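Attaching a single structure in structure tokens format; questions to follow.
Labels A, B and C are assigned to the chains in the order they are written; within every chain, residues are numbered from 1.
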Amino acid sequence: MNPQALMDGLITGSMIGLGAVGVTLTYSILRFANFAHGELIAWGAYFALAVAGVLGAVSGGFLAPIGPFSFGWALPIGLLAAVALTGGLALVVDALLFGRLRSQRSTVIIMVMASFGAALTLRSLLEFIFTSKPAYYTQALQIALPLGGGIRATPDQLLSLAVAAVLVVAIHLLLTRTAIGRSMRAVSENPALAGVVGIEVRKVVRVVWLLGAGLAAVAGISAGLLVQVRPQMGLDLLLPLFAAAILGGIGSVPGAMLAGLIVGLSEAFAVQLIGAEWRAAIAFVILVLVLLIRPQGIFGRPE
Amino acid sequence: MSVELVAYAAFFLTMALTYAIMCLGLNVQWGQTGLFNVGVAGFVAIGAYVSALLTTPDTPERFGGFGMPIAVGWLGAALAAGLVSFLIGALTIRLRADYLAIATFGVAVAVQLVALNLEPVTGGPFGIGFIPRPFADLAGNPLAFSLANLALLAAVVVALYLALERLVRSPWGRVLRAIREDEAAARALGKNATKFRLQAFAIGGGIMGLAGAAQAHFIGFIAPDNYVPMLTFQVWAMLIVGGSGNNRGAILGAVLVWGIWAGSAGAFAALFPPGEQARAAALQIVMIGVALCAILLLRPRGILGEERVVSRHLGRLSQLRRAGPQPTDKETSRAGNP
Amino acid sequence: MSTSQPALATQNLVAGYERDLPIVRGVDFSVRKGELVVVLGPNGAGKSTFVKAIAGLVPIHSGTALLGGADITDVPAHEKIRHGLAFVPQTENIFATLTIEDNLRLAADILPRERQARRIADLYKMFPDLAARPSLRAGQLSGGQRQMLAVARALIVEPAVLILDEPSAGLSPKIVGEVFSRLKSINQAGVTIILVEQNVKAALAIADRAVILVEGLVRHEGPAATLADDPIVAELYLGVRHERRAS
């Protein structure tokens, strides 16, 4: 077995994990599986691409690589802008679609269907604006550094891993240690009672969209940096995201991250065994196994 | 000229009717039973590939075909898609409603992958060609050929429609509606409710498989590209436009949306220069997506609406009466939703 | 504010989940400061819907609800607590997946930061059972303890009016006695309490006054002591309680 698969799996897994944390949060608060979450990932990646592109056009200085990394300051600035813009996009979609459906007291399944419609619309909009041709944040090639044990990684890859780790710890602390985190857990358990206790559910919903979309944007930018930026990138990640969110247990942030890593590592090792063309099937197999053996997930409580 | 026009109209209608079959299948799952299938394309693909394998002549470079009659292919298609639906349903139907959606989405992804990569069976990215077409001996006369195919598909749709209408009005169909409309009824039925829903899901999936087979034989070749999420989306749009729970609406919606789709494709294509045709196609999907969301917001029961809406309203009233001054937990949480 | 001002009042309140189907059909109701009033009535009379409407959980179609003279008819549910109105729902009135401590902190979060720790400590002093195991998941508490946690949580913000929807539901008679005597002492400490109850006897024993709703309207009201022997109560209740058992 190739030890490099471990590194590849961790990197893919950290991106899946970030996306799955967003899925699990929106799922537990808004109470439906959001099929448009993959599109937030893709939009995040393109927002960063657009902002970084503008910055690069303004001054070549923004493109000069920072330290050992392949990208210049245009990308980190683009990332911050993308997090904000993707959050804004999620709020707009909520205001136009999901929020209205909630106030009409639509059933879960209508919400799921609407998210399916929103996903196709958002994805095709990206294709319309940017075409389906792959794009890249940087043309620079990076040499993978040997880390020992036959494992190599580029500085970009190590940075994405670190960013993912920091974000997950931060989100976990936010949920467990702060007032807004308590409010989110309360709304997730019982929105009506949360209102009675004085929590403004609408505010919590907004915070959850911002968090989920922000994490999605970071995941998208990581994927864009390490692989490429494509309108379909969110769709390709959607099944792994759902598999990870369910495997981790809906509502559990550490669960989603851990499960993301499990899915990523399984993909990486399976690719060694059965070939890269079957990568997308791994998430489906994991999903079926979880639903068969432990539908509440690793950290979930049975319903 | 008029002969060509009639031939084209027949072609258009025949295609629309293959979608109408998919819509009828989806209507059994969603309209009658409230089960959400996000993998319609996958079940249609299963039917198309199974029938193609069964009916094409033996081909040395891939597994099969078996050169069987078309009717056997169609039957096999329905059975195979029905079986996969049954298995996925058995896995998820007891769980949260959206787990079924996620699992069916997974089926579509997996089927797409198999179609693309299992080359010795599916022909890989190039798919399977030379699928026998019904009335092939009429091929010399395009008009007669188109009309014969249209007649065949129309007969299939009418037969399905009549069968499904009977089913809807049978005790089985009434139980399904009761389960969909009334959580308490569903709970009272317990295990049986799961059984009924599973049956409906498998029947719906089987009908989608049949639709896939019918379409494959009508066009004569299949490839993985035909079974992308876009197809699922189109079928959904058709059912939603026609009105879920309404079989006539499902057929009408299919013809209508297919007409709009085919018509607007030309219009969008004309708006963009030849080099930008991919953009035109993307924009077309955006428009349809916005339209679907708008219908969900404004007329969630479809444009034609559902038959016997009255029973639904009465159901809600009686639920309220029962709940009276101590509404159920469900209502408590509903009231507090943002 | 003058002492004659009612702590809470409704004028011709019409409310219900659906606009064409009001369950509360024009209720005039008033509670004096410091009073403990019990709302009685047969099953389906609209008692629960009535208090939920005041709490903002059921849409009010027309009429007004006043808290200490201020109009709270259109105040959203989550704002009512900031106006001094606390509500304890009948079921699922605690966050079972959160710890006891988090349940209380959640309620304290709307207070100014400097008062939060103080109020939680006060409530722990008042309910030593809860103080013993602050990091226990609330879902593991017994029925009576849950009810106490729900009351404690409601009291954190020192509300002027506390409304409880059937606090005795699902509790054994002995626990009901404990809960009710607790409520009485909270009332005696100055909190105005409105109690919706099916448990007529226990409720009338601690209440100052009772209001009887029938089919969404006030049918009768009077001092609790006299109502206990009132034939109207017997007529409305004996049959009803029977029917309830049977269903």
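Keep in mind that, in the parts below, a contact is a pair of C-beta atoms (placed from the backbone, for glycine too) under 8 Å apart; a residue touches a chain by one contact, two chains touch by 3 or more.
Source: prediction; values computed, not measured.
Enquirer: Which chain lies at the heart of the structure, taking centres as C-alpha averages?
Expert: Closest to the centre of all protein C-alpha atoms: chain A.
Enquirer: Of all chain pairs, which one counts the most C-beta contacts?
Expert: A-B
Enquirer: Could you grab the centroid distance between subunit A and subunit C? Build each centroid from C-alpha atoms only and quote it in angstrom.
Expert: 43
Enquirer: Rounded to the nearest whole Å, what is the centre-to-centre distance of subunit A and subunit B, using the mean of the C-alpha atoms as each centre?
Expert: Roughly 30 Å, centre to centre.
Enquirer: Between subunit B and subunit C, tell me the centre distance in angstrom, where each centre is the average of that chain's C-alpha atoms.
Expert: Computed value for the inter-centroid distance: 51 Å.
Enquirer: Please set out, as single numbers or ranges, the residues of subunit A touching at least two other chains.
Expert: 190, 192-196, 201
Enquirer: Show the residues in subunit C shared as contacts by 2 or more other chains, in ascending order.
Expert: If we look for residues of subunit C contacting two or more partner chains, we find 57, 77, 89, 92.
Enquirer: I need the residues of subunit B touching at least two other chains; which ones are they?
Expert: In subunit B, the residues touching two or more other chains are 332, 335-336.
Enquirer: For subunit C, which residues count as touching subunit A in their complex?
Expert: My answer: residues 55-57, 76-79, 81-82, 87, 89, 92-98, 102, 105-107, 109-110, 153, 157.
Enquirer: With touch defined as at the start, can you tell me which subunit A residues reach subunit B in the complex?
Expert: 32-33, 35, 97, 99-110, 112-114, 116-118, 120-121, 124-125, 127-128, 131-132, 190-196, 201-202, 205, 235, 238-239, 242-243, 246, 277-278, 280-281, 283-284, 287-288, 291-292, 295, 303
Enquirer: Given the complex with subunit A, which residues does subunit B contribute to the contact?
Expert: Residues of subunit B touching subunit A: 34, 36, 38, 91-92, 95-99, 101-103, 105-107, 109-110, 113-114, 116-117, 229-230, 233, 236, 240, 278-279, 282-283, 285-286, 288-290, 292-293, 296-297, 300, 332-338.
Enquirer: For the complex, give me every residue of subunit A touching subunit C.
Expert: Contacts found on subunit A: 179, 182-183, 185-186, 189-190, 192-201, 301.
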